[in-house]
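Notes follow once the structure below has been shown.
Each chain carries a letter (A, B, C, D and E) given by its place in the written order, and its residues are counted from 1.
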Amino acid sequence: KNEPSTLKVAAAADLTLAFQEIGKRFEAKTGTPVVFSFGSTGQLAEQIKNGAPFDVFAAANVQAIDELKKEHLILEGTEHVYAFGRIGIAAKSDISVRTLNDLLKENVKKIAIANPDHAPYGLAAKQALQKAGIWEQVKNKLVYGKNIADTLAYVESGNAEAGIVALSLVKTSDVHFQLINEAMHEPIQQAVAVMKATKHREAAKQFVAFLNSSEGREIMKKYGFSIPKEQ
Amino acid sequence: MEPLNLFPFFLSLKVAVAATGLAAVIGIPLAYYLSRSRGKIADFVDTLTTLPVILPPTVLGYYLLVLLGRQSPIGKFVEETFGTTLVFTPLGAVIAAFVVAVPFLIKSARAAFASIDPNLIRAAKVLGRSDWNIFLVVILPLSWRGVASGLMLVFARALGDFGATLMVAGNIPNETLTMPVAIYDALLAGNHRLANALVMIMTVVSVSLLYMMKRVEKRMIRGDGSHAARKD
Amino acid sequence: MLHVKIKKAFPHFMLDVAFTAEKGITGILGPSGCGKSLTLQCIAGLETPDEGLIVLNDRPFFDSRQRVNVKPKDRKIGYMFQNYALFPHLTVQQNIAFGLKGKPKAEIEQKVAEMIKKIGLQNYERHYPAELSGGQQQRVALARTLIVEPDVLLLDEPFSAVDHYMKQALEQQLISFIQEHFTGIVLFVTHNIEEADRLCDRIIMYHEGKVIQSGPKEDVFARPVNVTAARMIGYENLFPVDSIERRHEGMVAFINGIELLVKDVNVPPSPLFLSVHANHLLFVEDDRPNTFDYEIVQTRTRMNHFDVMIKTEHFMLQATVAKKDWDSLLASKKKLYLPPEHLFFLQG
Amino acid sequence: MEPLNLFPFFLSLKVAVAATGLAAVIGIPLAYYLSRSRGKIADFVDTLTTLPVILPPTVLGYYLLVLLGRQSPIGKFVEETFGTTLVFTPLGAVIAAFVVAVPFLIKSARAAFASIDPNLIRAAKVLGRSDWNIFLVVILPLSWRGVASGLMLVFARALGDFGATLMVAGNIPNETLTMPVAIYDALLAGNHRLANALVMIMTVVSVSLLYMMKRVEKRMIRGDGSHAARKD
Amino acid sequence: MLHVKIKKAFPHFMLDVAFTAEKGITGILGPSGCGKSLTLQCIAGLETPDEGLIVLNDRPFFDSRQRVNVKPKDRKIGYMFQNYALFPHLTVQQNIAFGLKGKPKAEIEQKVAEMIKKIGLQNYERHYPAELSGGQQQRVALARTLIVEPDVLLLDEPFSAVDHYMKQALEQQLISFIQEHFTGIVLFVTHNIEEADRLCDRIIMYHEGKVIQSGPKEDVFARPVNVTAARMIGYENLFPVDSIERRHEGMVAFINGIELLVKDVNVPPSPLFLSVHANHLLFVEDDRPNTFDYEIVQTRTRMNHFDVMIKTEHFMLQATVAKKDWDSLLASKKKLYLPPEHLFFLQG
């Protein structure tokens, strides 16, 4: 087996489902196997700063990529926004939570969001709640997941009645999901870049290109990402 | 620069103290039971009490979340009866820390109980005391050093728990956000100055703790010495 | 009167004893691991026999048939453990008061104060055991035991960990104290014959979980019933007897082809042995029966006497010679004399 | 259904074995040194060896990452000399597991060393053996049970480490993804069946381990018994 | 010839001893904690004295002035520890061969086989210490020690943990073995006087880290130099002397207002005491000097004699009476006689 040519991609937790499919399709197409390390954007960025051997980093925001750029860790010119994330309200099907205001209901005792301090989806959730003017009211119902996947687990296990999670993760989940209007939060711009230290520069570029190809975009859309128009 | 939010620090202290208290109430009698028995049930309980050392804390945390969560029978019962949930509250953090840390107390207290001269217990029995009274008046005072050293370990481990606490308590700022989680958050948010400050606090507390533990240990040795001298 | 008849089995050990103890000090003597401590523990209720009977002055403590098993705390037994087992974290006062829990405070205080006076530790009430000398510790242990006014006092090798220099003083103290303040039954466990000799009135000899002999100290020491018992109490001269003959002047025992006149008429079942204590051998000049030419093989000087190993044509013997008799022994040609009245039979 | 990928399980086993080996090589001599010395340096080293129990594994992991990372002097030196990085390799996982687990070995081995009759060591010295020879021929064989039980704990703790390993080694599939991290990932990816299967494997291994530890402990007690008998 | 003169200070203890030991068995006798083991450890090089000198047959082992400190493994000293310190994980064979490391394999095998024959353990080569009786363990320990042909043999309370019944046999065995197979210097540590009495040729008496008396056993036991030494070896009769007078028939000591004639002429510095051993008191019918009317206060029966506590008008005394003299003592009215030739002075 030609191990060294395996591509290593660090990817934000919200990409877990979408990238697994992209990986399979990419390998089928190019013959280059891909493996993913999913984690929170912040954790992955820290690891890259300390020499994690990733070829590609797909973050859930732009800041993480910008910071790495400042430290000259990414290959010049490869950084760009590849998708916009969407958030929505997830709830166990037996509780009817459709709108942000439903979160104020008496029977919604706990609301899970990702930690807004370092998880982009958490930040977006916070912004939406603020914009709806209910941040202060729901504040003490909130529980924070350390990443967006953790957050969904809280809802799925019924420990939180509702949560604000990534659209991209609910595909296989049995929760009821209601998308939140994009206008309610700053766009969740997700940036990707090829790492400077990569030993598979071509393959890495190929992967990013595949992500941006129509095939890649289809998959991303399927999992609920919006695609930037200019590309 | 924002003032340092010390809530997580004090929460961690409170959680660690409470977990230590819980460990004392549950772990000490259990250790005593284990130090006396040699049966199959005791062996089983013994195995059970060591499992938390081996299973990863996050996994432990996840199963605790499911076991005590709001959909679980236990969680439902508690929520209906006391109007509070076990998870996502400081109580959840206490339970998580307790489960992760109590094995260390059990191990240490058990050894301390086992090393008490059985003649002292026999003497107390013959002098008319009940088993419970003997436990309080003879056994605990004589093994308090081992027990104390075990409680210290529990306290330390409880203070430092990340995985289980995060899962069971959620990291709700100013509510269930403990120090280890706060440090982690600060690190991931790129706030290294905050992280370092918090780690400093944590380390100073840890080192003071260790120093206390050392002193307890030394006294223990001295204590033993005086016993030995008496035997001569 | 304490009546004990118990059995208790362990994988590699079986305790099966029966004896009776009266007022006064009864020594339980036997080698390590023979079941001495186990017996005391059964009497105190700390161990439960498999079957049997323990009765004190008509109060049954344990009776496997009647399913009686009184709890240790209700037996009112005084137990003094090896190394005293004083509570190291309690003061002298607290140790002594330990058995009085539940009594009115004033009564406790008064009793403890009295007891502390009795043991002469008036200025040590607040001392901890580790701050006391061995002798003081012993007195506290005794006081703690006697303050509850037990009917039986069990002493388990109280001196086994004591410095040789202190032992004599402590023994004396213990005995005086008991004689003054206790009138019940005392069982005293030891594996030291000399200690048993100094302290006890009666002796029960244990061997591998069984009683092999019991009785007044003098009787037991003068007349061990078998070779094991004899060895335990220091008899070295033990001869297998080939055959015996009853004559009008007494019994005659044949040993290694020689004849020995023996006054003893109690002949136990075989294997038959003959013994005489080293103390009872004499050196004479006349030519009576039971005399032999001898040679001294080895001499060891003792504080009060000499131990001599003696060889005759037919056997080897151990004899004790008082220091003042030593010169006269060497001065003239004498013969070794085995006094018939001190020779006795015992079982092999 | 996809076949179960057992790579994480075998990686975890390998990492745990390697960490245990490393702990043996470093921890046993250290424990021996600590059991003999009472100086200030020894006290300091002693404190240092207990810190990993108190600091949260993730935090520990972060600092290890910074200390051994490719930007650090150590990391650079290793990379230049051996051409491999310490972090994000199985080696990193070994180091993380080692740091988290070695205190348990040190504690246990130290107690075992301290309980050896000093006269045996004196006897060996008088009979002409060197200190090193005495360590190998007398001390280790006599304390191996305590040491073995410590190594078991190390192995268990190394097997279960999540926080430090994740930080230092990352979760690169088929490369540094260990069992605890894989279970966690499966849980979060909603793949409960996979998670439960992995936890089952982990628990079975743990329980076998605990059983072995128990047997070692029992033998230890029996060993003591035979010594006691000899003294009678 | 072993010459020792060392000091070593601890926070609560100071060892400061000087003595010389020759071929034969020298006993170091003293209470617990007086520094006996520490001395042996210094000689073996296991502890380093603060200052002083340890020289064996002109080979200096330790000399604080010359900065000599030979390592334990190069001193060639035989050391037998309390409880033997056999390696429990090694067989008899391996234990005995332990000191021969580095020698050719054939030589080791031959020597060990020889040694095992000497100690009569031919069928136990592969046994572990726990599987041996106390006596067998002792022989293995001795064999392990003697196989390296040491010049000095140090024995640290070899019998302290031994069952009373085994002690005598083991002692005998040890002494015979040493006499047969070892011709060097033996230092034997004990805190049991009777043991020292039975086994040693010479005695060094320790007290709180100092040598208080040394010399041939008989001299030391017959004439302790001070009250501490006297108490240690069992002298009970110790009287403070008020004053003395030199007369032509001997010294006269005044004690509690009475006069006692004393043949001893060595008068040590004050505080002055007079002593006589319980063994040396006599009961006479005539009326010579140093006789007193008496009363028996207490009698205790011993195996070989009676211990009697005697009261005269002026003092109390402890006396030993042989069993055979007992009847005659009670039969006629006698007086207690303190033989002037057995009275001696000693320091307080």
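The working rule: a contact is a pair of C-beta atoms (placed from the backbone, for glycine too) under 8 Å apart; a residue touches a chain by one contact, two chains touch by 3 or more.
The UniProt protein names, listed by chain, are B, D = Molybdenum transport system permease; C, E = Molybdate transport system ATP-binding protein.
None of these values were measured; they are calculated from a predicted model.
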Mutual neighbours - chains that touch chain B and chain C alike: none
Chain whose Cα centroid lies at the greatest distance from that of chain C: A
Pair of chains whose C-beta contact count is the highest in the structure: B-D
Centroid spacing, where centroids are CA-atom means, of chain B and chain D in whole angstrom: 22
Separation of chain D from chain E, taking each centre as the mean of its C-alpha atoms, in whole Å: 52
Between chain D and chain A, distance of the C-alpha-averaged centres to the nearest whole Å: 36
Where chain A and chain E are represented by their mean Cα positions, the distance between them in whole Å: 87
For chain C, residues that touch 2 or more chains besides their own: 32, 163
Two or more partner chains touched - positions in chain D: 62, 187, 232
Per-residue overlap in chain A, given as positions that touch at least 2 other chains: 43, 46, 150, 153
Set of all touching chain pairs, with the criterion as stated earlier: A-B, A-D, B-C, B-D, C-E, D-E
Residues on chain D engaged by chain E in the complex (per definition of touch): 117, 119-120, 122-130, 133, 138, 141-142, 226-227, 229-232
Residues on chain D engaged by chain B in the complex (per definition of touch): 43, 46-47, 50-51, 53-59, 62-63, 153, 156-157, 159-163, 179-180, 183-184, 187, 195, 199, 202-203, 206-207, 209-211, 213-214
Chain E - residues contacting chain D, complex: 41, 44-46, 72-75, 77-79, 81-83, 85, 87-89, 98-99, 101-102, 129-130, 137, 144, 148, 161, 163
Chain E-facing residues of chain C, complex: 31-32, 163-165, 191-194, 197-198, 218, 221, 231-232, 234, 279, 300-305, 320, 322-323
In the complex, chain D residues that touch chain A: 62, 65-66, 69-71, 75, 85, 87-88, 166-167, 170-175, 177, 185, 187-190
